[in-house]
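Pasting in a structure now, in structure tokens, and then I'll have a few things to ask.
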Amino acid sequence: MATTITKTETLVGKRIRRKEDPRLITGTATYVDDIQMPGMHHACILRSPHGAARIRSINIKPAINQAGVVAVFIGKDIEAVGPVPCGASLPGLRVPAHSILAKDRVYYVGHPVAVAVATDRYIARDAIDLIEVDYEPLQAVSDPEKALEPGAPAVHPEWPDNTAFTFHQEGGEPEKAFKEAEVVVKQRITSQRLVPTSIETRGVVADYRSAEKNLTLYSSTQIPHLLRTLVAQMLGLAENRMRVITPEVGGGFGSKLNVYAEEALMGFVAMKIGKPVKWIESRRENFLCTIHGRGHVDYYEIAARRDGTVLGLRLKLIQDLGAYHQLLTPAIPTLSVLMMPGLYKFRNVIADIVGVFTNCVPTDAYRGAGRPEATHGIERMMDLLALELKMDPAELRLKNFPGKGEFPYLTATGLSYDSGDYAAPLKKALDMVDYHKLRNAQRDAKAKGRLMGIGISTYGEICAFGPSPATPAGGWESATVKIEPSGKVTVLTGTSPHGQGEETTFAQIAADELGVSMDDIIVLHGDTSIVQYGIGTFGSRSTAVGGPALYYALQDLKAKIKKFGEMLLESDDVTCSGGQCICNKTGKTIEFAQIAAASYRAMKLPPNTEPGLMATHFWEPPNFAFPFGAHIVVSEVDRDTGQVEIQRYVAVDDCVNIINPLLVDGQIHGGVAQGLGQALCEQAVYDENAQLITGELMDYALPKASTMPYIETGHTITPSPVNPLGVKGVGEAGTIGCSPAVVNSVVDALSHLGVRHIDMPLTSEKLWKLVRQGGQA
Amino acid sequence: MTRKITLKINGKSYSHEVEPRLLLIHYLREVVGFTGPHIGCETSICGACTVELDGKAVKSCTMFAVQADGRNVTTIEGLATDGRLHPMQEAFWNEHALQCGFCTPGMIMTSKELLERSPHPTDDEIRHGLEGNLCRCTGYQHIVNAVRAAAAKAGA
Amino acid sequence: MIPQNFEYSAPTSLKEALALIAKGDAKVLAGGMSLIPLMKLRLAAPEHVVDLSRIADLKSVHEDGKGEFPGGALHLGALATHFEIESSALVRSKCPLLAEVASNIGDVQVRNVGTIGGSTAHADPAADYPAGLMALEAKVHLTTAKGERTLPIDQFIVDALSTALKPNELVREIIVPVETRGTGFSYQKLAQPASGFAVVGVAARVRKSAGKVTFVRVGVTGLAGKAFRATRVEKLLEGTSGSAADIQKAAAQAAEGVDANTDLHASADYRRQMTKVFTARALTQALSRAD
Amino acid sequence: MKVGGSYTLPLLRQRAHELLQDPAILARCMPGCEDLKKIGPDEYEMQMKVVVSAVQGLFAGKVRITDQKPPESFRLIVEGSGKVGFMKGDGLLTLVPATVTTGVSILGSEGTEVRYEGDVQVGGTLAGVGQRLLDSTAKMIIRKFFEKLAEAGAETEQAAIVP
């Protein structure tokens, strides 16, 4: 339950209900599909039904002849536009030419082939059924390991080995560590393809005014400014003649941290037909052509001493890239490698990534992006090591954390963990479940034949992307604060929140700093013509990078207010807080509103001071932030059916200072739900001909209210030097910590049957088979 | 090919010539302009399009506008009266039962019907009652809290 | 997302409806919960849709003392919704198994609109109703412009998505027996996690007398192309004391001789095993409710 | 998707084999087959309108017969594509003399068991959203095919015997 707000109390740290909610709960918010414009046309895209095929011919005549159809475009019409950009760079990276529409060949089911534009969305849909495409189907490959086998069908004929890149990273002396190890544990661990499935699909409205040569693009995106820069490039437009507006965005989870063919395509169409045009992705399309997440096959090895001290870590990572690189596709597995030691003192690590092309939709950033895969791997391996050494998994973990005094802690992969007390959240979680009692209860349950398990995972997360040298396109963030002449406050953030609640948390920060009511503050975002350049919302960065940018802008603004206050109060001993400046000698006060009015009226100005009250700050973070935490899951497997019941879910997170605990809980719950989805039920399945056979929500199982457990949250606070607010990101934490805790608990439930590892998702049939076969899969 | 339909939406009468294939959700959103109900899937799974038809929660994307001829529709826009939020809207706000907000109109409509049919539901009943509405942001916990809170408030 | 165009008729009487479908080229729309998603995906594209929802005659749910079943019958109009059946005081008291099955279908929005006639005529091999209807030995009352006929449910459902329904014929009502006092019942279902359809669903009815099981009916959905009555199970359990061992022994036969389906969510092997497990669960609960 | 099974026809093996090669019979027995044209030796072009409940698919495709070992076995390859997707079935049919246990055969109890084993690939919308029903529907269509074949066989036998 939220508290209501009064003016002068401190707001940061309070459970305040959100400023963005009134429009959302009344159905009056504007999402992209809610936009209507005079003369607006509708586009519908014809997509390949084949995983791989040559296009022999396309006949658009029957479609173009329909009443209401104004245009049909195919690949050759739009050759001048593009390509779809890849923002990641790796040595030797092979980047396939990624055209807006397919030319003479299609590379995955869903590959756009033609676009029909009509006066009405029903007519546009009818039109694509009338386009005749003659395909010559080719052999396709969907399994990344099979794609690496000699003789596999080549996704791109020019690269018959299907290898987009290899990447090697090493730290310490891994070979020596493995040679000297007393125990080596190995396991193949997969992290399946997932469909991000924001409940709002993607969508674009493009409006081109030819007289001014101005293109306005409304897009459901997480990165309005980057989108403007890149789409302007794709279309050959001057960037300052393009405006991107991000209306309300119905969820992204990384899938809208991208630049898609359709965004440039709609710009192209609007310019061609001279009318606004709208394209709204159907759910079928969302499954087929919006990026997927994960897609790992990992081979892990851990070297350790018999006493449980970890020594070395080896990883061979096969990343299913899909047919093309989207914005960050090849970069995602490199994040896994950076984070592969988890929270443990592995001083010797070696990793090799192979990025593999398949005839599937590209993978890219999906909630956690690379870190859930890494955490899943290392946390599963720690359990396997504990099993091998017959050690308690909690004890093994506690033994291998760096000590509180070892921060900043430099990892073998070259990261500097800013601050931490990794034992604290784990100990708190163990207390919350009463661990020793719980283990006894488990022994009793197992003695009675019940399959009860306890799973632990700890996680560290690299977030707050990030220092610019380590982030494609820059990792800083921007904020502007204005006090309007009437005294009302406007915040412009370069982040692009879409559910995270920064309109509220940023207002809390500004209200505290300025001492004004939250009601007097509005936070604007997502319009490139209103907001200064910004990077956007992803990678748990909005509060952790956008927050400090706002904080510094507020400091600059306060300094200016003070100058005006001193001038107006005719004193050099002035304190500004609580929405006013006070002269410490006379006690005379002046409200910010009066100061604002005077600053804009500018009858008189303080020395070396410009009129107006506005400050902008671009903040470059000195480092990533590394939040951490621990999850514990208690589960029971139904012996007869293999169904898993999550009996308890405890998540303890250390994201340092919390601006709004209500919202942090919401982020953790939502993150855990997506982790549980991966652990238990979600999987994008391509068959051997690269058909996506979980092509809709009827076959792709999302967690439902009835399948989600109650989540108990806890927090520890370990001060961090990383930014002035002492905040770290929390958006991805729940997801990252979740899946290994769930799988560890289920493996624990079945371990007496000889089960060591189970790949996700833990479907009931899979578990039932293991139970029936006494652990032999 | 078109057909005239007349129906009440949020208490007001509307009449239009429509194609039989026009889905009720498109009619509400694009013809009449109630964009509160949303479209999240094609297959009647996600529930973002939920509205009330003659007092019952239905998925307006799995219904033709012609089927609603002569009937009463309530959308999320029809819940607040005289600028006062419906208790379920208030509860969703207080409990932080939404993040991106896209599923919220449908979720509120289903929750409202749930309490009308069962004023004092258990958590389990709430969770089962919301099976036809997907949310990808909240993990449902705050939604369950909101429905429980609205029930408690109504019972108080 | 967008269906193809079609001609639409909304008759207000049965006679009118039957005349409209007499040529046999129209598709009948009841609740639309199966048909409309198919039309939106353009897997179905009927040229003429006849919407039955304005025919008041087809909505009636009533009891009829004489006729189809010796103990009396409930007549469920084809347009009775799943919610109406789940919540009807009459159905809950006179045929509680059917109410329980109805409450397991889809989600509340689907139950508010989907109809028993529509579901039965669609004959989805994983639909819930057929399990209950098989266990109840229900009858399907069909009508054309020229005449009427009544078919037992196991003759009405022919195969996966196939029924004995002719193109010019409508399901008028489903007829189920008024339950004998003391009959125990249960519907147990393993739901597919995405769609909620039954991986397997088992409906059971049992009666006991003087410590013996005197009557058993078991209907199974989801396992095969069509729902069926597990008569082997029934025979094995009848005459026993209904102990846990008796139940297990009988339930073990539930999938015998059946060509089981395989899909993404469950292999044929798993479906068979789950049929046994859920048969045992349904029988156990039904016996616990019988007196 | 693997398919496999068997169906016993009340026909002698030689006759069953002949029927299974006869374009007129195939056209009649393949559910929804609207047109079957010979385009080469053992190769036919066809139009199919497959109706399964509300689902309706128009397919244009080809039927090919290869690996002929009359009367024991042959391979049947059926391909079709339409707006709802495409499919390709490739199966080995083996004909084994058998005893007919059900139904009426004018031949008494002599019959032929047709065993089939093969692979069905499906693409497009059908593959993406039809998973749950593919197996049961494929089986149903195969069953219908053999039922019609048995019917056609009985009729032709009758015609042969009763001039």
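First chain written, first letter: the chains are A, B, C and D, and each begins at residue 1.
The rule is simple: contacts are C-beta pairs under 8 Å (C-beta built on N, C-alpha and C of every residue); 3 or more make two chains touch, one makes a residue touch a chain.
Predicted model, so just to flag it, every value in this text is computed and none were measured.
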{"item": "Pair of chains joined by the greatest number of C-beta pairs in contact", "value": "A-B"}
{"item": "Subunit B-subunit D separation of Cα centroids, rounded to whole Å", "value": "48"}
{"item": "Centroid spacing, where centroids are CA-atom means, of subunit B and subunit C in whole angstrom", "value": "28"}
{"item": "Centre-to-centre distance between subunit D and subunit A (centres being mean Cα positions), rounded to whole Å", "value": "50"}
{"item": "Touching two or more other chains - residues of subunit D", "value": "83, 125, 129, 131-132"}
{"item": "Where subunit A touches two or more other chains at once, by residue number", "value": "121-122, 129, 282-284, 693-694, 696-699, 702"}
{"item": "Sites on subunit B at which at least two other chains make contact", "value": "19, 21, 39, 42-43, 45, 131, 133"}
{"item": "Chain pairs in mutual contact under the definition given at the outset", "value": "A-B, A-C, A-D, B-C, C-D"}
{"item": "Residues of subunit D that touch subunit A when the two form their complex", "value": "83, 85-86, 121-125, 127-129, 131-132"}
{"item": "Contact set on subunit C toward subunit D in their complex", "value": "27, 34-35, 38-39, 41-46, 122-126, 159-162, 192, 195, 197, 224-225, 259, 261-265"}
{"item": "Parts of subunit C lying in touch with subunit B, wherever the complex brings them together", "value": "1-8, 10, 29, 32-33, 36-37, 39-41, 49, 51, 53, 83, 106-110, 112-113, 194-196"}
{"item": "Interface residues, subunit B side, partner subunit A - complex", "value": "19, 21-22, 26, 29-30, 34-43, 45-46, 48, 75-77, 79-80, 85, 89, 92-96, 98-105, 108, 123, 126-128, 130-131, 133-145, 149"}
{"item": "Subunit A contact footprint on subunit C (complex, rising order)", "value": "1-2, 4-5, 41-42, 190, 192-195, 264-267, 270, 273-274, 277"}
